[in-house]
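You will see two complexes here that share chain A, one where it goes with chain B and one where it goes with chain C.
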Partner chain A sequence: MNVLGWTGDTNVPPGAQPFRRGRWTALLASSDSTKTPHARLAIQVSWFDTGFDFIPVAPAQQLTRADVTGAACLGNLETIWKNIEGRGQFWLAVRPRDEHRSMPCQGRAWLQTRKARQDQERHHKTLLDKIVKELNLPVNACQQGAQRASSAILVPRHAAQKTRLAIAQIAQKHETSADVTLAVSGLWPPLAFTQKGLGTA
Partner chain B sequence: MSLALEMATPEEVMGSSDTALVDVVDGLLRHGVVIRGELWLTVADVDLVFLGLDLLLAAPDKIRPEEQA
Partner chain C sequence: MTETTEMPPTQDMLNRLSEATDRIAIDPETVEQDLARVVLGLMAFLRQLMELQAIRRMEAGALSAAQEEKLGTTLMKAEAAIHDVAEKFGISPNDLALDLGPLGKTI
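Moving on, here comes the complex of A and B:
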């Protein structure tokens, strides 16, 4: 059995096995169905989509019941829970419409392309920072690289549709070159806002 | 021209082979860390040699194809 999250609720989502640790319950799923990080994320998304609120463990971590028996993170759960209860995350990325991943082979052209990409990434980050600031929601640190800038914003579940509309309005308002796209996905479980302090003993 | 917008649900992202969307899942799964470095060898203010390095640092099970993980 692998641990996919924590809840302070006594109810657990369909398919989850509860494991009580004081006021908190670890949510376990069978090892067969949680072999890969992708499979663990898919189960977390399915639980989240039922409307169930929980603190998701990073899917890249494969935590067993034994790992959390002596977990030192329980004290942090309360703080994390206060921040994310009733919320999910949207992932926002500003990137070129057509991504050209290959680089030229010649040295000078390679350097020029690299410099152009760095300038483009800086421009994308500036644009994303402006968009996120206008949304005025909690945000994690912006990730920059691979021709894009991305961030996650924390959104109350009930405001998901309103936030989608707000993002669409902001995108319409921003004048930019034809080459730039704002990619938005969600609503995801609030993974980007739960990992700090969620280590195990 | 206004900013082009693409919206996707988690289900669309997870079922997609579009590289842009796959990057979302990679980000959520925290596949690893990319370390970037660059070194310029300069003599008398003349740039002679440039060394650029992009290094992906991740656990093997995070970067193997899923069926092998």
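Moving on, here comes the complex of A and C:
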């Protein structure tokens, strides 16, 4: 059995096996159905989509019941829960419309293209920072690289649609070159906001 | 004008979501691949630092055209070589980014 999350609720989503640790219940799923990070994520998303609120464990971590028996993270669950209860995350990414431009094969031209890409990434980060600042919602650290800048924002479930519209409006306000696109995805379980303090002993 | 697109859950995004962790996992069953990922990740990181330094020197006008050509060729080939070795271990270029927790990813 693998641990996919924590809940303070006595009810657990369909398919989850509860394992109580004090006030908290670890949500377990069979090892067969949770072999890969994608499989673990798929189950977490299915739980989240039913409206069930829980603290998701990073899908890349394969935590067993034995791991959480000695978990040092129980003290942090309360704090994490206060931050994410009733919330999900949107994932925002500013990226070039065409991500697969061919690279020159001459050394000097290659270096100049890399410089242009670096400038572009800086521009993407500035644009994303502006959008996120105007939204005025909790945000995780911006990730930069691979020609894009991306961030996750924490959004109340009931305000998801309103936030989506606000993102579109803010993005339209900012004049940028025609080759930039803002991708929005969600609502996802708030994975980017739960990992600090969820380490195991 | 910026275009906003609704993104369906792409493979890339699923990868990013499912990688949300600040640990490097070394599994006994995949130890060779996991160690290769750490070593190649560090090499890719060092190569990228050299690239940033080369760009900085280029911007400052501290390099001749010949030096820019030589440095660019070296960095380009080094990147290709790292990706080639990574591919032999079944590691994609994106997997070479090592997560340094609060410091972010290496590349």
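Convention: the second predicted complex is superposed on the first by the 199 of 201 C-alpha atoms of A that agree within 3 Å, B and C clash if a C-alpha of one lies under 4 Å from a C-alpha of the other, contacts with A are read in each partner's own complex, and residues count from 1 in each chain.
The rule is short, and it goes like this: contacts are C-beta pairs under 8 Å (C-beta built on N, C-alpha and C of every residue); 3 or more make two chains touch, one makes a residue touch a chain.
These figures come from a predicted structure and were not determined experimentally.
Once the complexes are laid over each other on chain A, chain B and chain C cannot both fit and instead clash.
Within the superposed three-chain model, A:Lys35 lies in touch with chain B and out of touch with chain C [touch as defined at top].
In the superposition on chain A, contact is made by A:Ala168 with both chain B and chain C.
Touch criterion met: A:Ala58 reaches chain B and chain C at once. Contact with chain B, but none with chain C, is seen for A:Leu187 once the two complexes are overlaid on the shared chain. In the superposition on chain A, contact is made by A:Gln143 with both chain B and chain C. Judged by the touch definition given at the top, the superposed model places A:Arg114 against both chain B and chain C. In the superposition on chain A, the residues of chain A contacting both chain B and chain C are 37-38, 41, 58-60, 91, 93, 97, 111, 114, 127, 143, 145-146, 150, 167-168, 171-172, 174-176, 178, 180-185, 188, 191-192, 195.
Those residues of chain C that touch chain A in the complex are listed here as 1-9, 13-14, 16-23, 25, 51-52, 54-55, 58-59, 65, 68-76, 94, 97, 102, 104-105, 107.
Every residue of chain B that touches chain A in the complex is listed here, in rising order: 1-14, 19-21, 23-25, 27-31, 34, 36, 50, 52, 62, 66, 69.
Taken in their complex, chain A has these residues touching chain B: 35-38, 41-42, 45, 49, 58-60, 91, 93, 95, 97, 99, 101, 111, 114, 127, 143, 145-146, 148, 150, 164, 167-168, 171-178, 180-188, 191-192, 195.
For chain A in complex with chain C, the residues that touch the partner chain are 37-38, 40-41, 58-62, 91, 93-94, 97, 103, 105-112, 114-115, 118, 127, 141, 143-146, 150, 167-168, 171-172, 174-176, 178, 180-185, 188, 191-192, 195, 199.
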